[in-house]
Amino acid sequence: MQQLLNEILDEVRPLLGQGKVADYIPALASVPANQLGIAVYGVDGQLYSAGDADTAFSIQSISKVFALVQAIQHSGEAIWQRLGHEPSGQPFNSLVQLELERGKPRNPFINAGALVISDLNQSRFAAPALSMRDFVRRLSGNPQLLSDAKVADSEYQHRARNAAMAYLMQSFGNFDNEVEAVLRSYFHNCALAMSCVDLARACAFLANQGVCPHGGEQVLTAQQTRQVNAVMATSGLYDEAGSFAYRVGLPGKSGVGGGLVAVVPGRFVVCVWSPELNASGNSLAGMAALEKLSERIGWSVF
Amino acid sequence: MQQLLNEILDEVRPLLGQGKVADYIPALASVPANQLGIAVYGVDGQLYSAGDADTAFSIQSISKVFALVQAIQHSGEAIWQRLGHEPSGQPFNSLVQLELERGKPRNPFINAGALVISDLNQSRFAAPALSMRDFVRRLSGNPQLLSDAKVADSEYQHRARNAAMAYLMQSFGNFDNEVEAVLRSYFHNCALAMSCVDLARACAFLANQGVCPHGGEQVLTAQQTRQVNAVMATSGLYDEAGSFAYRVGLPGKSGVGGGLVAVVPGRFVVCVWSPELNASGNSLAGMAALEKLSERIGWSVF
Amino acid sequence: MQQLLNEILDEVRPLLGQGKVADYIPALASVPANQLGIAVYGVDGQLYSAGDADTAFSIQSISKVFALVQAIQHSGEAIWQRLGHEPSGQPFNSLVQLELERGKPRNPFINAGALVISDLNQSRFAAPALSMRDFVRRLSGNPQLLSDAKVADSEYQHRARNAAMAYLMQSFGNFDNEVEAVLRSYFHNCALAMSCVDLARACAFLANQGVCPHGGEQVLTAQQTRQVNAVMATSGLYDEAGSFAYRVGLPGKSGVGGGLVAVVPGRFVVCVWSPELNASGNSLAGMAALEKLSERIGWSVF
Amino acid sequence: MQQLLNEILDEVRPLLGQGKVADYIPALASVPANQLGIAVYGVDGQLYSAGDADTAFSIQSISKVFALVQAIQHSGEAIWQRLGHEPSGQPFNSLVQLELERGKPRNPFINAGALVISDLNQSRFAAPALSMRDFVRRLSGNPQLLSDAKVADSEYQHRARNAAMAYLMQSFGNFDNEVEAVLRSYFHNCALAMSCVDLARACAFLANQGVCPHGGEQVLTAQQTRQVNAVMATSGLYDEAGSFAYRVGLPGKSGVGGGLVAVVPGRFVVCVWSPELNASGNSLAGMAALEKLSERIGWSVF
């Protein structure tokens, strides 16, 4: 496996320079583009990694998985009264669909849905950003994890579109807390800085029927775990979800920081990272690496 | 397995009467509602069935899978220049998305995409409806299979919306043949009459890396098979694709005739049938049966 | 004329009870429904009125006319870089169109457009709400006019949809000031309390080539006045603008407070008021009264 | 007036070469671009003209006015059960709005609405294209008028988008006749070849309370005439209707052949023609000429 990871990074490295680092906030735009890392963590606790696998990056939308898991932990199936689990067929931040469907977001991985999940967590936790930080520290086994305040502030300054979505949902009666407060928590979660190794370990329970392989914690039930994976499979990669299923064949979730997590049920969690994005906002080299890896090992669930 | 199938039919039978038989054409509206069948066919050739598993019904949109497979056989990856493989996030027959995306359908399982596939097959086959009939006869091993001309004619009389879509695509330069001719072929395919047993056998290659277990024919390559399954998993059930992944966790395809096919990669193909539909146009009892079956045996790929 | 006004009020009075008072904020919902007034003010300074013509009501969207006039006064044609003057073909508060057209509102009378106008005025005036109040006091010749703080606060509490629009425009770079501050000014303008007589006098310059008949002030040039009337004619009544042109044939502007102003170029301004609204959000009895009046006197410009 | 027309043509002639002749069908694309004509016809029967005012051109969408008038003649207010008279806020051939509003077109001047009007006329006339031809011959006093069969055929070959709209309306139950037959009639009407003088005379009843000044025929009642003018004022120029009201201030109707008719109620009908179009599909030089003419004489109804 170790050798395979090295080979694959060598194969995709030529793609560096062909994508575009997220530049909608300065804090992300300044990340050096030329980085590439991968970590594979097995349900048996075995860890393999290559490249910049220990460099922390902004996890951004990957945090939506952790937020969803928190919401399922405290509210279970009830969360689906507030949002759906259908793919959206729209770019990740479109308001058109949200208005036509009267403020009920399609799924927890488009921004509107993630804001509803944050609203649910805001109602439950006294300090939602700290709860999240502690949660991922525990899941990853890394007690040093931090949210980058500079990134969070920068996101908040550019909150206009997310604020528009939150207010639109409020106008339909689907938002309980102060919009500004929820946005603060949401951006803090997005600004969590984690490495490929951190993320692979933190998501390992998704490949292990809900149980964290290192700590032994039952994070979700086996059924809930399959359900989260199912939502990742149909909606995890914005408007490339179908393409990811077609090419990689695994549940996955990406972030504009260039991170990409994929779950091989019963076996592994993989995390790839490279800051440059393709036209759909997913890591260009990361997608290529995952595609090769899945094909080489026959990981597709289909 | 046999006993399990009997049990599950007993459990879901109380749902009969709670759905609504498709009534947009008289030929479908007249099907007796009170029917329920299931067939499970293994890659080892083993067949299990229960209820009305040998009664032929109109396969309708399930024919889109066979049409897609034919198109991949003759054109391979080139078909994706004409349509996508992303979920649509819209009811299955919406023109809004088709216009906004300039005549390129989202995937081969919404009507617009299936019409493009039919257009591709029309360009390739001298008699597309006969080619399809012979193809499913071979795949199912049932040389008696027929398309119901009365159903096909009735569909053609009610072709307005499909005609609108085909002409809209033509206006964007994404339709090569005469609209009326393609519609005729398309409705002939939809009107194929097959039983649960026929369909389970005909789709078995999807669970067997592209090889038909009974005939041994290599229908698709292993990779193409995974890809078809992936498209079924993200787009096979109209606007319930996400829900199907969440509840059942398998690639699947439904039809308004009440049929529902699901693939357990490497193991089985299941076909359930019950004519009454839920609000999303999928078999009400069929969905429930598949959900129970998947949960009971732990079939979810996630 | 006086007799005609009395007659017409008698004819439409039976409609009272068939509409629905705006109830999205408590301050408006509590207005007694059973009121009806009309005022006709000539460019010669002659005033006719009937019914509750001296009762002040919340002018709501009629304030958008005054705000537009202020913006034209200080910025002229330059305002059309920020918004259009085309009818919208959409309910007055839809975000769909605003997103598809990348944050540039269709016209100054849909909410999004009025918010852009308020944003322009916010940039120009130190105290926009006071500037507006003084402006309408001068135009109407009534120095007692006030904005109802209770109504303005209530609107602000229910700002979600307007906030969503403002933030959406900000996300497209089409909003310069703090959203919350502009909303405050905007709601203060909407909450101005004026009677039919006040409004007919305040709008009289629109029938008089831009000159206020009583004060003699040149509010707009003759050409600008025709242009404002043109925008009212095509976009003044939400999604009933075409119907108003068809039935009444005059430039007009309505508000959810039940007020309705119409301009007979070169001759009169009419203001009708009755709190109950029709399905499109325009005064039910007001529309009927204007239709009868226009037909009886042959006022249609067409 | 004669001198003014000459002056205005001189002023706008430099615009020739800056627009783009309609090229979606070869028969229109081959029209020499460098032409410009104008005719003004008074309700007193006085005719003024300049430039290429006697050259026949394809009237295209201007025929929608005549078709609407025919439909009002035989069906009166009942036509509004099949379509609206609200501006559309969308490009003239969009299907999005048509689907969202369940097959009921916004107004008779977008293509979908004109197709519904053609469907109404198809139900009424044995030979709709001949009825229309005879109607405009009578209105214009020119018994030689013909529809250009080559243009009509060419349009029919490129009917895809119009066919899509007609079938979509049929799918909503808002289309009574065979789609192909109605399209044939519709394209025949569009292909009528008329000069500026023909059109100014043929539309003169719209400025004269429904009475044809030369023949004396009462084409519509005075009220119906105002109503047709009102619909032209709010919806006559595709997505430039608001701009036309703002700049010219008259009811008007344009066609992609480069013709443009405007009504000065009680006084004149003007027809300008120049084949090159602006980005909204309206005659570039024609718009400029009308704007100057209206401004110079103070024709705006506002």
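Per-chain residue numbering starts at 1, and chain names A, B, C and D are given in the order in which the chains are listed.
By our rule, a residue touches a chain if its C-beta (ideal position, glycine included) is under 8 Å from a C-beta of that chain, and two chains touch if they have at least 3 such contacts.
Keep in mind that what you see is a predicted model, and the values were worked out from it rather than measured.
Participant: Using the contact definition stated above, find the chains touching both chain A and chain B.
Facilitator: none
Participant: Just the number, please: Cα centre separation of chain A and chain D in whole Å.
Facilitator: 55
Participant: Quick one: report the Å distance separating chain C from chain D, using the average Cα coordinate of each chain.
Facilitator: About 32 Å separates the centre of chain C from that of chain D.
Participant: Could you tell me the distance, in whole angstrom, between the mean C-alpha positions of chain A and chain C?
Facilitator: Roughly 47 Å separates the two chain centres.
Participant: In chain C, which residues are in touch with two or more of the other chains?
Facilitator: none
Participant: Check the chains against each other and report every pair that touches.
Facilitator: Every touching chain pair, ordered by label, is A-B, A-C, B-D, C-D.
Participant: In the complex formed with chain B, which residues of chain A make contact?
Facilitator: Interface residues on chain A, with respect to chain B: 84-90, 97, 106-107, 223, 225-227, 229-231, 233-235, 239-243, 245-246, 249, 251, 263, 265, 295, 300-302.
Participant: Looking at the complex, which residues from chain C come into contact with chain A?
Facilitator: Contacts found on chain C: 94-96, 99-100, 159-161, 163-168, 170-171, 175, 179.
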